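Next up: the structures, one after another.
Here come two complexes built around subunit A, the first alongside subunit B, the second alongside subunit C.
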Partner chain A sequence: MKTWAVTLDLLREARSRKWFLFLGGAITLGLLVLGLSLKLEVVDGALAASRFFGKSLDNPMMSADVALGAVFSVASQFIFYGGMLFGIFSCSDFAPKLLSPGRIEHLLALPVRRWELLAGTFLGVLILALAGAAYGSVGLTLIFGVKAGVWTVRPLLSAMLAVVGFIPVYAMMLTAAVFARSAALSSGVGGVVFALGVVTSYRDTLLPMFSPGLGRFSFNALTVLMPRLARLAELSSQLAGAKPVSATVALSLIGGCLAFGAGALMVGIWRFEERDF
Partner chain B sequence: MDAIATQGLFKTYRRWLRRTGQAALDGVDLTVPQGSAFGLIGPNGAGKTTFIKVLLGIVRLDQGQVRVLGGAAEDPKVRARIGYLPERLHLPAAWKPAEFLHSVARMKGVRVTGPELSAVLERVGIAQAKDRAIGGYSKGMKQRLGLGAALLGKPELLILDEPTDGIDPLGRVEIRHILSEELQRGATLFLNSHLLSETERICDRIAILGGGKVLRQGTLQELRQVGVCWRARFQLDAGLALPVDGAADATAQATAQATVQMRTAALQAAGFVPAGDRHRIVVNDAAGLNAALDQARAAGALLTELVREEKALEDVLAEAMEAA
Partner chain C sequence: MRRRRLWLVAALLLFAVAGFLLWHSDGPRPPPPPKVDIPRRLRPAEVTRMNQRAVLPVVQPKAEVRGPVRPRDPMLAALAFGKGSSAVVFEANALRYSPVGQLLLDCLASQGKDNPVQMLKDQYGIDVLKDLDRVAVTPHGLLLTGDFKTAKWDDLFQHASEDRYGDDARLYEIAPPERDGGEAPKPFESAVWNNQLVYLGNSSDDARAAIDRVEGRAPTEALITEDQTYGEVYGVLGTQEFLKMFPPEESELAQKFAAAAQQVELHVDARNDVGIQASIHGDSEQQVEDLGKSLAGMLSAARLEAKASGDDQLSQLLDFAQVQPDGSSFSLEMALPLDYLKKQLAWCHPDAGTP
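Here is the complex of A and B:
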């Protein structure tokens, strides 16, 4: 199976792109600023005082893990939405470049199956998303672990949920690129899926606002299959903040994202198998 | 066994929701013997690149059968035995050449070491630029790298679409040398080039594609023998009684002129076309040539010189296109 070879090529290509160098630099810089400027005083597991750039932060004394729960919650939202938007723009031209004239013919002439090319590209982008999310969340965990003695995998798990949320978005972006080779279209489709994923999360609240008839039917039809991305972001935030999470809800949201992503990818592969280059 | 065997290939490019379209292949039957150097020539839009893409499964057929190295083009195991250089190879600009070759080798399932990759770069003449990113390469250097990638894993069949495009004359000699080494190794070469002189030098078998059809195919010798051109010199006033000592004999002069005109007309009727002080004729075989000569001689023309003109491949192509 040559999927992994395609994935490695994509990762090698990403390594030379300024977007990803910028992302790596930005995460590293953020972690360094936090690590070097934040001073936490923890006494018997309770956060007594915090200093940021030498200035005292006004915070009541509370258990360190509870105090950091809010920080992790905010960080998880930042990773989810920031990472999603960054991913939509920075990954939009991987598939169009793969399909560019002169490159796709060469790849298709190699002993690689067509679906392996798409699967490899998809996997490569997921690994990039995973690496970015893991780097940020593990860095954050290390900093707060060292400074406050709070060691938890919750930020990492929460970041993984952000990657799960990116699966349906990128699957649709990849499929769009197979239908029409355009980075702009690909990122546009990603943006639409993301926006609809947020709207769909409040579907039950929004649906009664539409009067029965075409409007409600259209809204219903548009959102019935969409993954509930904002709900997943909430779940990610709750998980990072050590708040109780329903396993059933979590599985349903994750399952929805995976099913939508797999469906979109299948459509892309079907079209890719049929196309002439 | 044939390296390539196609039968009744039809391919029409259609736009979405349209039934009609542009026919690229219109019933192509072609066989390429294993171990041969086969050249595909034809004008732009003849269907050459589409044909190559069909061989590799890059373009889906509407109708017809393709066998490549005894298997189906869609089979990755068959494609693993093929080296392909596309007409416009798009290479990742930020990569180094060894990285690109390594990637191709991995996809082909070929294990290569660093020294082996260096040897490939050396062979295609870009070893001196191995530390530079591909983005800084000239067109010819990229073409050489593409050829290097096609040669990886010692393929049984090399399909090269315009391999010398952008390469300088000395570089073309080097490429020819590499291709002849590959032929000696036992590989089959399938070449599509608009440089007819290149095709003529490298290939022993040629097919002419025009309007999506194979117009002619065979060895270079066979193709040249179709419609051989002969150049002949005739003495048209042979045997005529010309005026002596400048004494004007109007009647004899008029008779001689009329006879020369009659012989000229007879030559044209036999198929000879005036070309300077000689005549040219294109015939399919020796019998045709003799029949034309007999006709000319019967009219009284005396043959004084007969030279066979060696046809260039471009003449063969032009004739085939004209006939089509």
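Here is the complex of A and C:
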């Protein structure tokens, strides 16, 4: 309950920021542009052919949801990478502000445990990310639902994967801020985790470039733990585009990212508990 | 204090879980690459083999004549065609009992009635699988060694003229069929020395010169020395042979290659998987170094391209390939795992299915 109070406090702070108003406005504008200007003849044609000919026709036109798969795939990539970068820059100063002199002493004087402060902050950012991803993906679904009659939850599911990808990144940002109160450092760490997450996704391709020995071992050891963000983005795209995905791989990827994020948050909490203010 | 440490323990546990799950999400790993032997020097078995072949007597050079010493192995003596020439020796007997050799024999056997191995045995008394020891391929012709006591030379060369030559050699010449116009084809020449060494080619002079070297009547500068006889295939390639390997449209590249590399020494280990080592020698250290680096770069680029395009088999093959610089020479090492060769030769094993 106290964690939730901290979360609400963070959300109130986010509402007062222009960054998040800008994000909301940008998503709305993007959806309006899509809704008003996208040419959907292919989809309309497929739907009309289905209605007119029924199943008797060996229909050469692709089905509407397949035609839209490519659009959803591109949108999912935009949400994943765009949302990730936006999140890294816009959320980097929440934790440093929480820890700023004056405010942290005030918070610690309240009947709130230290871990609840950090967990509340993390949860607040997570809700922001969820809200942004859900707004964009549900808006997209509504547009194509109304205009083309294709109703699907796939864009929403793929947007949730983008949030899963942001969890380890923000957990590391929050932990970095606990070690050194700096928004620049926090966003820098976010950027590094993001970059490593992309590099790690291609570790099997990159590994043969290293000579056997210490170099290859170090790269192997470093990358085995990092969340595979580019592969998660690919999974998100496949899910949005109605392409087959391996449930085992998907669950391992998601579980790995969540566990990494939770582990990083635990390190942050441990440091926060140790630290004197 | 103790409760605080629990956060750290929990973090470590969560990282371990994350590592396992993420590692698991990478999917099944390709099996570790097989360890392929690359031939680099004479091995004990090859030293024994080399000593057993040193059957020629040592020719004591006269005090006033300084020259190279004749190899005591008849094949190596016969192969001494001079500096710049080429010769590649196949240890036929060793190859025959290797897994690769068995694959090739199966391919030959699958040709049914036209199996040349069976035909040679039935008609001419030459059991290639038992009697043949080595085959050397040179620009001057073929040289074969082995135990050919049971060979029916008169049947094999029934239309040839026969001459005795030197101490223990017979020369056979088959005149080509007459043809109207155009360049007259060369006659087929053969020399059999002591039922151990056979020359097959188109030059009577080359046949006589080879016998002269074996019997110690001609100066002999070894093209392949005894300490280079390691592997199941070995030999040297001169510049002219390099140039023939390049397609005509790559003649400019061929000339550059030939200008840098004067000789390639080749060794192939085929006892199980196939390991290949080619040492490239040249006069200009700088040019050889640049050539070695260029090859290494091309191999790396090809490896990455194969990996990126998902061609795991080619990627694994290129993983084995590496360039080792060594002053005015460098060695290029490659490997062909047996499983890969089996897949390539699956077409002549109907039971094995398609590759």
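As a working rule, the second predicted complex is superposed on the first by the 255 of 277 C-alpha atoms of A that agree within 3 Å, B and C clash if a C-alpha of one lies under 4 Å from a C-alpha of the other, contacts with A are read in each partner's own complex, and residues count from 1 in each chain.
Keep in mind that, in the parts below, a contact is a pair of C-beta atoms (placed from the backbone, for glycine too) under 8 Å apart; a residue touches a chain by one contact, two chains touch by 3 or more.
Treat the numbers as computed from the prediction; the structure is a model and nothing was measured.
Steric overlap between subunit B and subunit C is absent once the structures are superposed on subunit A; the two fit side by side. In the superposed pair of complexes, A:225 makes contact with subunit C only, with no contact to subunit B.
When both complexes are overlaid on chain A, the residue A:263 reaches subunit C alone and has no touch with subunit B. Shared-chain residue A:274: touches subunit B and subunit C both. After overlaying the two complexes on the shared chain, residue contacts for A:209 are found with subunit C alone; subunit B is out of touch. By the touch criterion defined above, A:252 reaches subunit C but does not reach subunit B.
In the superposed pair of complexes, A:8 makes contact with subunit B only, with no contact to subunit C. Remark: least CA distance from subunit B to subunit C after fitting both complexes onto chain A is 11 Å.
Counting contacts by the rule stated earlier, residues 274 of subunit A appear in both its interface with subunit B and its interface with subunit C. Those residues of subunit B that touch subunit A in the complex are listed here as 13, 53, 56-60, 76-77, 79-80, 82, 84, 86-92, 94-95, 99, 103-104, 106-109, 146, 149, 159. Listing the residues of subunit A that touch subunit C in their complex gives 115, 203-205, 208-209, 224-228, 231, 248-249, 252-253, 255-257, 259-260, 262-264, 266-267, 269-270, 273-274. Interface residues of subunit A facing subunit B in the complex, by the touch rule stated above, are 2, 5-6, 8-9, 12-13, 16-17, 100-113, 274, 276-277.
Residues of subunit C that touch subunit A in their complex: 3-5, 7-8, 10-15, 17-27, 300, 303-304, 307-308, 315, 319.
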